[in-house]
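Below are two complexes that have subunit A in common, paired first with subunit B and then with subunit C.
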Partner chain A sequence: MAETTISGRLTNLANPTRFLELVGRFLPWLAAIALLLTFAGLAMGFAAPEDYQQGSTVRIMYLHVPFAWISMFCYMLMAAAALGTLVWKHPLADVALKAAAPIGATFTALALATGSIWGRPMWGTWWVWDGRLTSVFVLFLMYLGILALTRALDDPQRSARAAAILTLVGVINIPIIKFSVEWWNTLHQPASVMRLDGPTIHPSLLWPLLVSAIGFTLIFFTLHLMAMRAEIWRRRVAVMRRMAAKRAENRAPA
Partner chain B sequence: MLALYIRDVKLGIRAGGGALVGVLFFLAVIAVAPFAIGPDANLLARIGPAMLWIGALLASLLGLDRLFQVDREDGSLDLLILGSSRHMLPLTVFVKCLAHWTASVLPLVVAAPVLGLLMNMSPLATFATALTLLAGTPAIVFIGAAGAAVAVSLPRGGLLVSVLVLPLVIPVLIFGVSASYAASTQPDPFLPPFLMLCALMLFFAVIGPLAAAVALKGASD
Partner chain C sequence: MNHAVFVTAAYAVSAAGLIGLAIWILVDQRMRQREIAELEQIGVQRRSARKAKG
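Moving on, here comes the complex of A and B:
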């Protein structure tokens, strides 16, 4: 009966063995769909017409925009996991947070790198201290801070709480990133897809973008689930080692 | 609470002269700037407010890791957490932050005008910078308390605290510097960024102690 509600299902997943089993069953499919969609999106992107001003550099958008979306999405996911750790003490929430941090940092770095490669021919500079660039850079720094913190504390339970609190405090930065282009109105162009009055991109460019965004999001989930699985295995190995050491210790005097 | 405040201020001033070292560090940072940039008086006057802010920010981050670690080492942190049944723990953290600010950050604010003189800043700009520091540095301490609490159980958490806190205080830095510039250059209004700075300070005064209290409860064993 508990399995019908969402919270019931989430509670059900709290058993790591059941989680591993589910992941093992779904992961190959998820990975296959993710790769397929990403390639389709990128292929559509190459087939799409060039922008009349930007020429073929517009194609970086099919990488840059999904990376940037995922970098924010990943942080929100980590914030939700942090709530799960602090409020419901869900045993997998902490694993999810810890596994997501390096992936989020990578996607943020990629978003910054692709944006910078695009900015060189278009804006004539690799980097400007514009509102959005700066706030995304701060996001990158926060990912690195969370990474450093989770690596610095060796007790998993304590590091889980500490990382969760830090993640929740850092969540103030996400609205700043989202609205930075409207508040400061600087070099980075304002939102053109997620708008109340409909997207301002031409459909021929929008569709490849959406497909590749979904594809990259699925890739993110695949990587995230794989990282979570690895983290659970790592913890099990650590526990087994400790138990083996204890057993050896008990046997030694006899 | 008042007793805790007085105790912390006394400890902060007496124990190894922490406040004085902070001011010395601030002085050193400011003194290094002309060597790096060159002794051009006009240039120094122009970047003066920014340099003062950066120096004060670094100097106030310097002592943050000791905020809870000293208490953890002599065991009084456990007593404070146990006492949370009588006083709310966030309130205790808030008082500790205020005491830390009075003992080791307020001297920086007092020293800022003197250093502004060294940077060849106009009296108005110096005064405005000191005022923004007065409003902005509590925010650094409050949000820094959360960072210090998260890393309290680490033996050498000092560097980590700075790395964790620095991205979070960037908004404070932005509005602080823009307010102090607005005071000296005529067309920009001074009040809006200054009020934003005060708002940030009040916001962090709520968020920081709350987060720090949760982290401290988790870190105690």
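Moving on, here comes the complex of A and C:
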């Protein structure tokens, strides 16, 4: 019987073979749409007028802002996966967490790098140790810590638990990043898109930003599904190697 | 310095980072697939794979 409830669908997806089948079917389409939207968003950005104060450097926004959003979104996705590991013991939850860590680290590094490159002409400095920049740097270090932990222990179940706990502890940093521009003095501008009173960016710059943000988010999902597939195959290789070793042991003369 | 230099640098760094990440994941996938194929060639099969084949 076809499962129609969300929990039923998640249970169906718990089967890695079924998951691989679905990924194989949808991944090429997802990758194509992701690239199309990203290039369309960036092209719209280059066709949009320059900012009256920032000049052409505003075009860095179409990279920097999506990267910063995705760096936090990826962490929340990993936190949800951590709950999946600790509470529901979903077999794909740890795979999702481990596969997301290097991708989140890359997007965070790119948010920091593009922010720094944007900061030099606009602020007159590459870096300041203020609330926003420091808390995003801490996020980058958290990703590196989780990355190391998921690869440090031989027993995948023990490393899954440890990485899930570390990930959940690190969630405290996400609201700190979000509100850092309001709580402390900073060179970084306050929120200008996700505000209760609506965006303060002119629509001619906002639309390219939204399209490129959707495009980069789909690129993130494409890379994540690819990395999850590689991780499932890595675990299969480990199981098959153990079986081969056992078989060789049984065959060996006493 | 000209603003265009900063814009170009930001786009170059981003392209290098994302293309590098994609290549790393693609190579990882390719290596794991090759390992599975090699193990299957010497007759090692997971229980679920044996069941699926009947």
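Basically, the second predicted complex is superposed on the first by the 250 of 254 C-alpha atoms of A that agree within 3 Å, B and C clash if a C-alpha of one lies under 4 Å from a C-alpha of the other, contacts with A are read in each partner's own complex, and residues count from 1 in each chain.
As a convention for this text, a contact is a pair of C-beta atoms (placed from the backbone, for glycine too) under 8 Å apart; a residue touches a chain by one contact, two chains touch by 3 or more.
As the structure is a prediction and not an experimental result, all values here were calculated from the model.
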First, second, both or neither for A:P102, with subunit B first and subunit C second: second
Partner chain(s) touched by A:A162 [first = subunit B, second = subunit C, both, neither]: first
Larger contact residue set on subunit A - subunit B or subunit C: C
Partner chain(s) touched by A:L153 [first = subunit B, second = subunit C, both, neither]: first
Intersection of subunit A interface sets (partners subunit B, subunit C): none
Subunit A - residues contacting subunit C, complex: 17, 55-57, 59-60, 63-64, 67, 102-103, 106, 109-110, 113-114, 117-118, 120-121, 219, 223, 226-227, 229-230, 233-234, 236-237, 239-241, 243-244, 247
Complex interface listing, subunit C residues touching subunit A: 1, 3-4, 6-7, 9-11, 13-14, 17-18, 21-22, 24-26, 28-29, 32-33, 35-36, 39-40, 42, 44-46, 48, 52
Subunit B - residues contacting subunit A, complex: 143, 146-147, 149-151, 153-154, 157, 160, 163-164, 166-168, 170-171, 207, 211, 214-215, 218-219
Subunit B partner contacts - residues on subunit A that touch it in the complex: 86, 134, 138, 141-142, 144-145, 148-149, 152-153, 158, 161-162, 165-166, 168-170, 172-173, 176
